[in-house]
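Just so it is clear, A, B and C label the chains in written order, and each chain counts residues from 1 on its own.
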């Protein structure tokens, strides 16, 4: 895969070698993201951070990744502030906005919208999430986290046993992660969900065709035993037909320290695409796990910055220039990492 | 006209020589806007991009123009988030915000608001649109586009034949463009609109007093024949007394490739202030024109960045310093222009 | 007090020597805020400007202060765009967002929210206002303004006679200012308010315990006589039980030029935390005072930028590096200050 000048719209664009290329560059971005070094490689470059659907985490993560490379960010945060509300097509919006910046990140609730937008854009576009469809940088940061966590435990991604827990039907992050993991060898997918929120046949077929093993369970404790990674998800209430439908599944699976201790190896990794729903009636990942060193959920979001920096530098072909303009950080930095 | 330190509130401030000055500087900004060169001339300067009415295109265009000169942008995007809602006067808002930045761009739906704001501001203010009143940078970018398009066809602005099509009553862009064109010689204004949406007498009188010719028509095909430029507009539905009133005019005039072929010279330029309304029932400028090389609507918005960069550098008196801090772009850039 | 790496959550953190330290650094920031010099000391540093409650003035002031030091700003402006709406805890939000930036400024309407957030953050957090509770940088800029205004009149803060006028019950700025002033010697607090909007006993006790004098009055003209400073406030209508309750107090105390002339020394300073309510029925500080040279309300907001720059440089330990990366401003600057 040649990244230079390309759009990033779907995890389907990636093969194993492209993934490894992103991850290797992400590793190199650590000193900048961790505030040891400052680079100005993209000084003067502008990111159009176009979020036509509300988002704090993803929007700020992309914006910071660009700032960390020395570039400027112009933003839009809501669809109602947009000319789209006056009947403007994605084609027009894309042609116009792509005249203002060097790259565009776009989120929009309509499936396929970002692809349509990209086809008219004159600059590279990264899909920041188009409804229930794709959010490729999330899947990449999840897999990158898996690689780092497993490496710290002396293992790789091949032969991974991963338990995916919760709403596997509507969870976009789970779907994309399954696709990426399927590129590796001999993965054991342990799927834990209520019957109505099972992973759909489309994804199950993809996993099995790629030669991996699937074990489905409706029981949390039985379902997670033996896993290297627990990937817990929030019920995607906003994608259910009605709130009543969503209510039925709230709080069905709750991982906490005592369940973890009883059923997991002492170094089993806990992941979650965030936000986790910490309201008492949901609480799929209990706060009593917050001091557990295997809780990797904040390392995941930290890794997101590295992955996004890697995509930016690969697409804009500046990977080998990052260090040329770098210097040491001269201000106080907390020991965060 | 002395630009240094001045507000830009109305097209009435400009004479022909001031316009040419802006256009000459705009020409010089092309290497920066087209991502061949990067300048840092405004490094450390702050733009207050104060949009008290929703806007994506204009807001991002001003912000990018400032970023392209090396400056930083602080923004406000909605009136409800402002102290104005707590009874603060424009005087106070202007005095306060003008202590935070080196220049302010302001949009507000109330006519005259930006002028009132500017009178209290301690830094230069550019009117980014005050209701149905003025939006001077739009008129300048329209005229700049006309100059460039005509020059590419071996002609100038004098003796121009321009067809203005659609809602000529409520269209702020049309009004301001008529004023600027009236500064030139021997223009033929071909006005095509429903009778109720005619250009108002105020503007007609101005055009005729300046010695130009006016031809009015209620028929699209007859009305555009012989024009050098077709300037098509969207029905400004939000300014009509009611939605019902607006509905009567939706889709009355629709330019498409076959009407163009039948009635226009092969190099007749097509312009539109954007956004165009591409909903099926409106569609004043059909998508089948998208590949027509004479469709200049995206060159218009690209030119907007040049015009805004020119205004910033003239007002802040850095025109001759832009190149001093410049270097070549070191990242991948699409061939957009 | 050691500022390096610390959170700024409450005025209670400050003793007199810490305050003086902030003020001395604020003095040094003047050439940068006044656009005579540009510094790049925080080039590459990122501020997370997290406003979960609407604000223009404070948000832009913090953002500009950071930009003036050379850093980049990423922002959030509304709670509904946040994952908090999906059940995310402050703990999670803080852990995630603190992985993206070097410092965070946070505003949220819930009392105590910023402290909870800071306890989970991996980077320093400044409280930008948590409901009716604290807004420490406002109190510091008020006191800094008092110091500067009194110094220009050959006086200090000790022995100050300050009239606090209006809604002393709900006004957060008044409460915090009282706490800070209590650290000085022999202050005369002249409290002018309707009986129902008196300063609460909690604050009165604090003032008296610290050895200062309190004089309460329900009459504007009698109440302000002899003061060095008049600190007028807006009725905090949004914090009243109902709009009807608030309506009773609107317009009760109105300071204008003729009341000022009749009751004040010719150099008595007029302050207000802004926004002032200039609607005819409120109008606690009349526009006929706008040309009075003792009206310090816009010097107050200008001072806010200095105070915020001082806090940033102290916390990030770059006070002595600011000038090292500085150069003269090369663009037109209005004589604003």
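The definition used in the following text is that a residue touches a chain if its C-beta (ideal position, glycine included) is under 8 Å from a C-beta of that chain, and two chains touch if they have at least 3 such contacts.
None of the values given here were measured: they were computed from a predicted structure.
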Contact clusters after notional removal of chain A: one piece
Proportion of interface numbers common to chain A and chain C (over half same, under half different): different
Euclidean distance of C-alpha centroids - chain A vs chain C, Å: 39
Residues of chain A whose C-beta touches two or more other chains: 72, 77
Of all residues in chain B, those that touch chain C in their complex: 4-5, 41-46, 48, 72, 74, 76-77, 80-83, 86-89, 91-93, 95-102, 122-124, 315-318, 321
Chain B to chain A touching residues, read off their complex: 35, 38-40, 54-57, 60-61, 63-64, 67-68, 70, 72-73, 77-78, 234, 237-238, 274-279, 282, 287, 290, 298, 301-302, 305, 329-334, 336
